[in-house]
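Have a look at these structures, which come just after this line.
Here come two complexes built around chain A, the first alongside chain B, the second alongside chain C.
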Partner chain A sequence: MDITRFISTHRKLLLVGLPLLIILVFLTTIPLYGGVYWIRLLTVILMYVVLAASWAMFSGSTGYMSLAPAAFFGTGMYTMALLQDYLPFPVIIVVGGLVSFILALLVGLITLRLRGMYFAIFTFGLVVFMSEVTSYAEGVILKSRGQHIIPIDNATIFYAMLIITVVTLLAIYFIRRSRLGLSMLSIGGNEDAAEHMGIDTTRTKVLTFAISAIFMGAAGVITAPRLIYINADIAFSLTYSFMPILMSIFGGMGQFYGPIVGAIVFGYLEKTLRAQFSTYFMLGFGIIMVMVILFLPNGIAGLVSMLQDKIAKLRKGDEAEQHANT
Partner chain B sequence: MSGLPQIIVSGILTGGIYGLLAMGLSLQYGVARVLNIAHGEFVMLGALLTYTLYTGWGINPLVVAAIIGPLLFGLGFLLQITLFRGLKARAPVPAAFEGNALLAAFGVLYIISYIGLIRWGGVPRTAYYLNYVVEFAGMSFRLNRIVAFAVSIAIGVAIYLFLTRSRLGRAIRATAEDPATAGLMGVNTNILLALCFGLGALLAGIAGSLTAMMTAVASGIGFGNTVIALIVVVLGGLGSVPGSFIAGIIIGIVASLVASLWQPILVVPVYYGILLVLLLARPTGLLGKK
Partner chain C sequence: MRILEGQGVTKYFGGLAAVSNVDFHIDQGEIVGMIGPNGAGKTTLFNLISGALPLSSGEIRFKGQKLNGLKPHQICKVGIARTFQETKIFGNMPVFQNVLVGAFFGSPNRVPGEDAAREVSQALEFVGLAAMSATPVKDLTLVNQKRVEVARALATKPELLLLDELMAGLNPTEISEAMEMVTKLRDKGITIFMVEHVMKAIMGICERIMALHHGEKIAEGTSQEIACNKTVIDVYLGEEAHAGG
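Up next, the complex of A and B:
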């Protein structure tokens, strides 16, 4: 087998696949030599990768702004809290995803029939609604404030999050390339036109919204034992809604890797800076958000493809010059 | 245990402020097409500035409201002229603008709420004014709530007259209906949108001042106020001033009934129940068009 020929024919695959493989090997082996700090940091980053990527999959392509990731994330956490004594951890992860899926399906069926901002309005308050109902139900039925989660060791949590991240990213990658993904994009471009082309817009919206909630719910289940204690305020904290949105915008929603880049950058910043400069960090978060939307509407990914275009143009210019000279 | 009439009138009094709050949001979304989820943060800013000016400098809260209103008007005007106008110029389609504007409003929400937290901290502040009980027809209310209601209604009527009778008001309604044609008819839509956005901020600021007179306020009150304003706007129908007030009063009564006869914690869930039924039955609101 001729190696140089193999490399030249599969150049693109190698260019993307090899780094991915290296990253994956690095991530799967890190609990063997990395300290607790690194494992926990990477778990948080992976959690944000799941949230940001699944948010961007739906809202980024359809243009319907969901402000509800925290509702599904928190649902996952409470699924863990309520089922931890009865079912094994991996099963609860699946159940948490399914419960979030059903919740999102209901929300979607009610609001996604409507155009425009009703969806944003409804999801905006859904988080508060879930939080208040949960703490009321806790007080009345369970007669407690908050739930204790049996701790699970860091490495297990990390691997569970890694598996969910890989599953999420693979699913999103294939959805983006499927009929469903293209339907979402055309809804984002022009919903009327999409409908005239024969796309069942309501079905597409509701289904993809609910699919994105599966991953958020699963991430919530895995995050619960990391926190050990949860209550309605912690589980349905609006940060879990807002952070993924900022990350996706910062990274750029047009490209598959955009939200991932955003999640890595802000996940790292949050874990390292927020503890020390809590309020100023969040203030800076707001300022960055406004600046990015105003000046970098396509995020880092948009910047990268713009630079690529420029470089390509320069190269073309050089080639043309060389042709002229010869 | 207070009687039913007392509870209902109390809800109506609260509803006046809700109407004021919703009217501001309705102007911002109905005309400038910015779903301003930072709306409640302007309420917070108004409330805490009132606290500082009243307890620190001894200025009468009603006078403070007259100072804060124009101040926040300026802030809103600037936001529209710089941020949202910039976004509008860059957006390829109107739908993309609405999405981006919502996200930018998010950033504004964070900026204002954390400036509030840094300046005033998270603890509740009290700046009660006219806080004595008045007896009326067997019911008793604190005077500040009655004054707040009266001010809200007066401002509501003024805005209604402004929108329906004045030349500028007609221009605003024309722009809300069809910005492109209004622009062709010689309306300076850029200034007009900024005016509407500023007006929304002004109304939020005054609502904040009035809130500070009667309840404890903290830097975290913004979000809850935004949720109330959004629900009232959906209930009342976008762009309808009377709708905002009627819906505000309905929501006020519901809140009052739920809080005193059932559980205060269930107020928000009940709001959602109403919103849910409404979205299913009549998505354009009680008095909304289309």
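Up next, the complex of A and C:
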């Protein structure tokens, strides 16, 4: 039969592709029947997926711990605040991505010669710097504290975030499989060796750092109208730097889907549990993180591949036994 | 033909001259050895050639082209590859991917995927690691990690290969295999410049040897000439004789 043959030859594609298609159909149709609560919840989860996946694309593979997501995310928010009266929403999303890209390019050129700890601290400082400068400039130039964003309906925000999520994940998927992905991994493995194998490590690091900032900036633009009011503290909140890192560690950075899983789980827990049990939530969050780091250094993705290995070994054992019996 | 030539090569670390006014040359198709006590400046000289460190003064030319100011990734593309004294591998990546990095990025032109995969297979075949291409490199023994480094360097298609203490930490059988491998590399048309402490290896395969001491070149010649050289015996072999005796 044609259908059975199709299924057997394209089994892997179907196994991955079908669930993805179902999820995508579910997500695109949810504003038609889901309530406001669900739409807003999913928007937040998608935002974290974008932040975690793009953070892990750069930091997970090169080993350069960036604490800068909040800087690019906040830049996106302020791009929205300043341009909302002049440009249409979709154009601002693109502009926000580009502004973050340029900011990351400049920062990267200065700092990516720093290694390890120093880079992490500099990117941390960048977030504080952006926050202070924005706050000061607002007071002096615009004579205001914070910015009001004209509200946009929930469904539009949701669809915008969904599109950015799909674009981000596709881009990261292909980058991971490309030569650029291999050169990032080898920088993470041993930067000196990578440099001696013909990789322009500075160029690779600056470029990929800036690419990851595009997605963070775009997500910031889309998030601004959801908050209605933003100021420097809200836009450049360090939560936006730390959450993606914790989510990526929880999900596991070795696999493409690791940070996505981490963002979905923690995004959901944060939105649902934090409101009710704010103190206990942070306590539970801390305990879970410690447990994961101690017992699952490669996160959920690491656990999954470990189980896969075990199952494969068991199967092999069974086959060997059958051979022995016959 | 001179493939590599250094004139007045000097490197200062603060006030200390790690390499001081060294003139040297490597001819095409040669195996040249470099010896010297610890801290003589051998690895520093390699780092100057491969671009890991900038020169304080002097100049290094590769086939007539000045290398001064080039970055390691540019020097690799020119045709000089190296291995490291302390292995620098991509530990979490499989053997195949490690070597693939060299094949993809080591050439000045873009290498198509199929060609790169073929080069990797050939390089792994050459160093005898074809059966382990899927193993993460961190799980390999030291000798096999060193072979990965050679295969990775080989995949960049070098004309000149710098081997920094390839034999250090290997057992006698592994040393003989490594010596054979170095000779085979030369037979493939690759010029070899090697730093080595294993005297049996360096005396056995090098056509010419230079000796460094306190950053200065104190002797140069065939293995016989070096073995009989009074200065070399005093500063280097002499020390060892005392230590051994």
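The rule is simple: the second predicted complex is superposed on the first by the 325 of 326 C-alpha atoms of A that agree within 3 Å, B and C clash if a C-alpha of one lies under 4 Å from a C-alpha of the other, contacts with A are read in each partner's own complex, and residues count from 1 in each chain.
In the analysis below, a contact is a pair of C-beta atoms (placed from the backbone, for glycine too) under 8 Å apart; a residue touches a chain by one contact, two chains touch by 3 or more.
Model, not experiment: these values are computed from the prediction.
A.B. asks: Check whether A:Tyr118 is in contact with chain B, with chain C, with both or with neither, and answer first, second, both or neither.
C.D. replies: first
A.B. asks: So in the superposed three-chain picture, is A:Phe174 touching just chain B, just chain C, both, or none of them (first/second/both/neither)?
C.D. replies: Neither partner.
A.B. asks: Between chain B and chain C, pick out the one touching the greater number of residues of chain A.
C.D. replies: B
A.B. asks: Between chain B (first) and chain C (second), which, if any, makes contact with A:Pro297: first, second, both or neither?
C.D. replies: A:Pro297: touches chain B, not chain C.
A.B. asks: Pick one for A:Tyr229: touches chain B only (first), chain C only (second), both, or neither.
C.D. replies: neither
A.B. asks: Once the structures are superposed on A, label A:Ala194 by its partner contacts, choosing first (chain B), second (chain C), both or neither.
C.D. replies: So A:Ala194 only meets chain C here.
A.B. asks: For A:Leu185, using the defined touch cut-off, is the partner it touches chain B, chain C, both, or neither? Pick first, second, both or neither.
C.D. replies: A:Leu185 contacts chain C only, not chain B.
A.B. asks: Could you give the residue numbers on chain A that contact chain B in one complex and chain C in the other?
C.D. replies: 190
A.B. asks: Can you list the chain C residues touching chain A in their complex?
C.D. replies: Against chain A, the touching part of chain C is residues 50, 52, 71-73, 76-77, 81-82, 84, 88-93, 97, 100-102, 104-107, 152, 156.
A.B. asks: Can you name the residues of chain A that touch chain C in the complex?
C.D. replies: Chain A reaches chain C through residues 179, 182-183, 185-186, 189-190, 192-201.
A.B. asks: Write out the stretch or stretches of chain A touching chain B in their complex.
C.D. replies: 63, 65, 67, 110-111, 114, 116-118, 120-122, 124-126, 128-129, 132-133, 135-136, 139, 190-191, 238, 242, 245-246, 249, 279-280, 282-283, 285-290, 293-294, 297
A.B. asks: Please give the residue numbers of chain B that touch chain A in the complex, ascending.
C.D. replies: 29, 35, 37, 83, 86-87, 90, 93, 95-96, 98-100, 102-104, 106-112, 114-115, 117-118, 223-224, 226-227, 230-231, 234, 263, 265-266, 268-269, 271-272, 275-276, 279-280, 283
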